[in-house]
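Input: structures, listed below.
What follows is subunit A paired twice: with subunit B in the first complex and subunit C in the second.
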Partner chain A sequence: MKLTAPQTAAPIVDPGRERATAPARRGRGPHTSAWWALLFVGPTFAGLAVFYLYPTVRTIWISLNDMGPFGRPTFVGLDNYAKLFADDVFVTALRNTFVYSLIVLLGIPIATVIAALLNTPGLRGRGVYRTLFFLPVVTLPAVVALVWRLIYNGDYGILNQALGYLGIRGTSWVTNPHTALVAISVVGIWMGLGTNIVILLAGLQSIPDSAFEAAKIDGAGPVRTFISITVPLLSPSIFIVSVIGIIGSLQVFDIIYLMLGNDQNPVKPEVRSVVYTFYQFGFGRNQYGYAAAIGLALMVIVLALTAVQFWLQKKWVHYE
Partner chain B sequence: MSEALSGSAAVHRPGRGNGRPWLRHWAIHLVLIVGSAFMVFPFVWEFLTAFKTYGGSVLVPPQWIPDPWTWNFGAVFDSIPLGQMALNSVIITLARTLGQVILCTMAGYGFARLNFPLRGPLFLVFLSVLMVPSQLFLLPQFEILRSLGLLNSLEGIVLPGLFSAFGTFLMRQFFMSMPLELEEAARLDGANPWQVFWRVMLPLAKPGIVALAVFTALWSWNDLLWPLIIVSDADKQPLSVGISLLASDPHNQTNYPVLMAAALLAMLPMLVTFIVLQRQFIAGIAFTGSKG
Partner chain C sequence: MKQRGLTRIHRAVAAGATIVAFAFTGCSTSGTSSSVNAGDGLNEQATLSYTIWDAAQKPAMQKIVDEFTKIHPNITINIDVVGTKDYWTKMQTAVSAGSGPDVFWMNGPNFALYASNGTLAPLDSSLVDTSNYPKALVDLYSLDGKLYGAPKDFDTIGVFYNKRLFQEAGVPLPTAGWTWDDFKADVAKLTNKSAGVYGIASAPYGQMTFYNTIYQAGGEVINAAHDQIGYGSPQAAEGVGIWADFIKNGQSPTIQQMTDTWPGDSFGSGKVAMFWDGSWGAAGYAKSAEGKNIDVAPLPMGPHGNQSVIHGLANVANAQSKHLAAAKAFAAFASGKEAADIMAATGTVIPAFNGTQEAWVKAIPGMNLQIFLDEATSAIPYPISKNTSAWNAIESDIIPQILSGKVSVEAGLADLAAKAQAELDKEK
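What follows is the complex of A and B.
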């Protein structure tokens, strides 16, 4: 290790560049590492090219055509896109997706408070709590949906029975068009809490204790400390959790599909998400072109909202 | 506000660490216990319902303890090939996880440490794949697998998921953060890039690999949309799809004891894995969050 210092007298701009010249200096001949790169990167690159890059381009092409699963494509230009915003099915799905995402975002403040509580110095049982909050993350969405459908059941669900004790008359939560989306979004929060808490807790543990002690010396109470110290210093982690959360919830499919069930739930058309409609047009009705346009519209929305978040982060995220 | 209470309690007990820590933080524990109850109750209810009779599951007011305790697991196996589905899920998850760990670790190392033509532009191409929502790949992936004759097969479910731009990015970030000196010595001893990677870097890359493996395993285990699209036979389906099919079977639609019995069995493999490898799971997710 000590030998490297004299050899790298020239300023190293790029670690890779230094690597390439080092063997040459040792008299092995000027073989570039292109062959090695092919070995290391080649397989993944080939796989990504076939299964991800080509499909992206192909989907753009499909979206410009009127196309079924086997039939010949007819080029229709931007017709599929023009249809989108006049289509009640898509507009409703878009609205539902936004509502779901907004509600699921509420999980982040909840996760932040829980993570801050778990980070209390000397707290007993931290690992146990963390495990319990993490359980839904390792549970199949299909199982989560079944269990919550039982809880939400209108006739004998435990939720309505509990509400009954408080004198509140419940409803059939996932088949009532007024409540279905909110009820499903609550499950969305419940499922995501564990991941958020674990990421935020890791962020909290990298904040030096001195910051909290300083606040204590200044006489700040726990609530004040949380608002003025914890949240600002944790903001990079909160930002990551929000970006991941929004990207994920804009693409929501599983939990809505599963909670509505394959049976004839009357609220299906009213609660579908964008990806759900994509699935329906693409694989249910075989309208490939229109489905592809839905997918691309979603991509533009995801990218735009992610860009907005990165732009907004300057205003609230504190980097050391 | 509840925190304020515990804070003032702490003031009365100078010298943290002594006294009774459970008592010192009683308000925090109260909040966390209520929170945990919300997380755990659905699972408790699932467990209890799985052992009830149908009649017992629809009672108002609710029956808390199953009476009589009923064995509903036989009925599960009568309606779906649950054992086969579990095996499918395990095969799919292991294959994808192993594949991604090998391929992404290699590619990540290549981008982090090897110098080769077009490295920058190629990496940008990888990054651009990360930006695309995964649904966009589905239609053409379906077409490709159809032309390969892999629809309705486990290989078909596994294949696209062997490759990951995210995994490559994660491992590249990991290797970039490791000090160069570690490799210098090996290279000066005449090791080629593969030997450096295999003997020196791979053993040190364990935290990154664990993170990637946990992330891939969870994603693969839970993955619903892709298997739903390409597989139609029940005995080729993973649990993620199979359980949802059970619920759409008219005989079982509201037979919650049977559904909960199936749900209980279906969550068991991943739950046991999680409990055994808890530290790795938590560290893996935290790591993914910090790099992703």
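What follows is the complex of A and C.
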């Protein structure tokens, strides 16, 4: 790090910028600059207001009502929220979601190792590997689910075929209550790997080669370099990946919905996530008020966990 | 705003025209029946939207539309196909926003929800003569004595079976009048573990399996007034128990296996000897690997008969339609005799209009499809209530737990009855 210090230390002065902004500020005062700012932020803000703020406020309102399929709300206050934690469907869904998120978090160390390996200088076929790892990200979840359901099929699946050669008798992976959630989480890891690797690779490329060279001179092997150099310097990227990853996995829906195959899958109680439950109550049972309460409860949980992560980052994320 | 002003003018013009027309007929003729046409709204310019969910049926629907517009040249009808996955979500949003289609397809589980919320226009006897349709379908689409849906097509359940597997096991083929005992004995004899053949598949879908056996045992899924769930009765336990036993005895694939592999596929490839499925399945089985060996028998006699559950779609008119008279007329026409003949010729569905189904029966010569029509006369309407999907969701949570043996039939059904009843009570 000492080596890199001089490069960033020199203050950069852009005289052109000074000249361009200074007279404008003097000429029209601070009010105009606020107006300009608003003008540029306006379109984004309008979109945000229409597609995020209004729906959020509206959802809060719906959650305080008993609302059926054709509107006609009746105000019930906090009744829907009171029901939440007494409802074992919601409580098990919450537990399933946390278990899923914890398992999917394992994808981050895996992605870090793969990214570090892909960053090896002089690696042949790097583009091919990157494409292969990114492929699941650009594949439709419905297709991913279809293929993995075939792989996991208890009678005809390729996984059980392979295990059969090893003398292991596989199970019916996505319909066995003991294996279903883990089996689906593995698909979740696999699907998220590509995005994580891309972010981490970008982070790796911003680490100066000099750091690795210094480690080499000091006699560190590849494992030691990975642990003492790569991971600490990559920690800002790892942090971003884990924040995005946790938010994404707490909101998991599509892969669970699709991997279950149909509504009659007996492992539904062991696998359904919070958003799946939200969907079931809202669009399945036409109980929009309660569904809205589930959605908002999840939003609060996501906010809280993200806040905790930002607080914890002080302890482990190294910013230069 | 502009739109609204325009339509108001339109309406005023139409009303004026009608008055003029009445005055005219009053002067020139002495009250013949031709004056009816002037006031029924079918002569004004109108563009209707017709929303359906099956793209495969669009050509037939287009033909029906063409026939209708030939008679009423002032009316234009556009067909929209919305996939089944989004159909009800979109329909709910559109109908509550007042922008729903003028005419659309309706199914049993959603019918009472729409009808009880005043979103459907009643179709009186001058438009739809109910004697032309199976009674159970008319009942399915009636609420408080009024008909809201013109029955379009229907499906009943039969026992598809594999003749080759019957012959190999030395079991005589099922015949009309066979009983539950015959059926159970056949299942036992046809199950051949070493060959990987199951006698039956206890599919966890009520309409295909346990709804039928519950009624055959003398029970009911929901009572006629749609306010009492029937799952708590011993008859219901008998009706569900027969299917749970098949799995427990190893005579049916497990619920896990059936989730992994659709049991209809196992039947079509000769791994399952008998399969209860709807008339909609016939064409697919005829084309399957075992196609030439597959035939179909009527449901076996239970303690209280061999009733099948009947379900079918209906054409409904949106009560908010700007051209209500035209919408109602088209909904009725699209389920009428000419429309039924068009549907029968395409062979995709059984038309609901009595006496038009022959073409469908003859479409697959190797199968005794007549049984599906015969069953319609004694059939039970598909069980529904105002918010069917609320208790259906509980059903699809608990039934798989019962069939997988995780809970006993009695305990599971008691739980199901209590929770489903609680959902049903919310409808009041």
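Heads up, the rule we're going with is that the second predicted complex is superposed on the first by the 270 of 320 C-alpha atoms of A that agree within 3 Å, B and C clash if a C-alpha of one lies under 4 Å from a C-alpha of the other, contacts with A are read in each partner's own complex, and residues count from 1 in each chain.
Note that in this section contacts are C-beta pairs under 8 Å (C-beta built on N, C-alpha and C of every residue); 3 or more make two chains touch, one makes a residue touch a chain.
Every value quoted in this text rests on a predicted model; they were computed, and no experiment measured them.
When subunit A is checked against subunit B and against subunit C, the one touching more of its residues turns out to be B.
Once the two complexes are laid over each other on the shared chain, residue contacts for A:211 go to neither subunit B nor subunit C.
Of the two partner chains placed by the overlay, only subunit C lies in contact with A:284; subunit B stays clear of it. Look at A:146: by the touch rule set out above, it reaches subunit B but stays clear of subunit C.
Contact with subunit B, but none with subunit C, is seen for A:118 once the two complexes are overlaid on the shared chain. In the superposition on chain A, contact of A:36 is made with subunit B only, not with subunit C. Looking at the shared chain after the overlay, A:156 reaches both subunit B and subunit C. In the superposed pair of complexes, A:266 makes contact with subunit C only, with no contact to subunit B. Residues 149, 153, 155-156, 261-263, 283 of subunit A lie at the contact with subunit B in one complex and at the contact with subunit C in the other.
Put simply, subunit C touches subunit A in their complex at residues 88-89, 92, 95-96, 113, 117, 119, 204-205, 254-257, 259-261, 387, 389-390, 393, 396-397, 399-401, 403-404, 406, 423. Contact residues of subunit A toward subunit B in the complex are 1, 3-4, 14-20, 22-23, 26, 32-34, 36-41, 43-45, 47-48, 50-56, 58-59, 62, 114, 117-118, 120-125, 127, 129-151, 153, 155-156, 158, 161, 190, 193-195, 198-199, 201-203, 221-223, 226, 237, 240-241, 244, 247, 250-251, 253-254, 257-258, 261-263, 275, 278-279, 282-283, 288, 291-292, 295-296, 298-299, 302-303. Contacts from subunit A toward subunit C in the complex involve residues 68-71, 149, 152-157, 172, 174-176, 261-266, 268-269, 280, 283-287.
Here subunit B touches subunit A in the complex through residues 1, 3-4, 6-7, 16-17, 21-22, 24-25, 28-29, 31-32, 35-36, 38-40, 42-43, 45-46, 49, 57-62, 103-104, 106-107, 109-117, 119, 122, 125-126, 129, 131-144, 159-160, 162-165, 168, 180-181, 184-185, 187-188, 190, 192-194, 197, 218, 221-222, 224-225, 229, 239-245, 247-248, 250, 253-254, 256, 259-260, 262-263, 266-267, 270-271, 273-274, 278, 281-282, 285-287, 289-290, 292, going by the rule given at the top.
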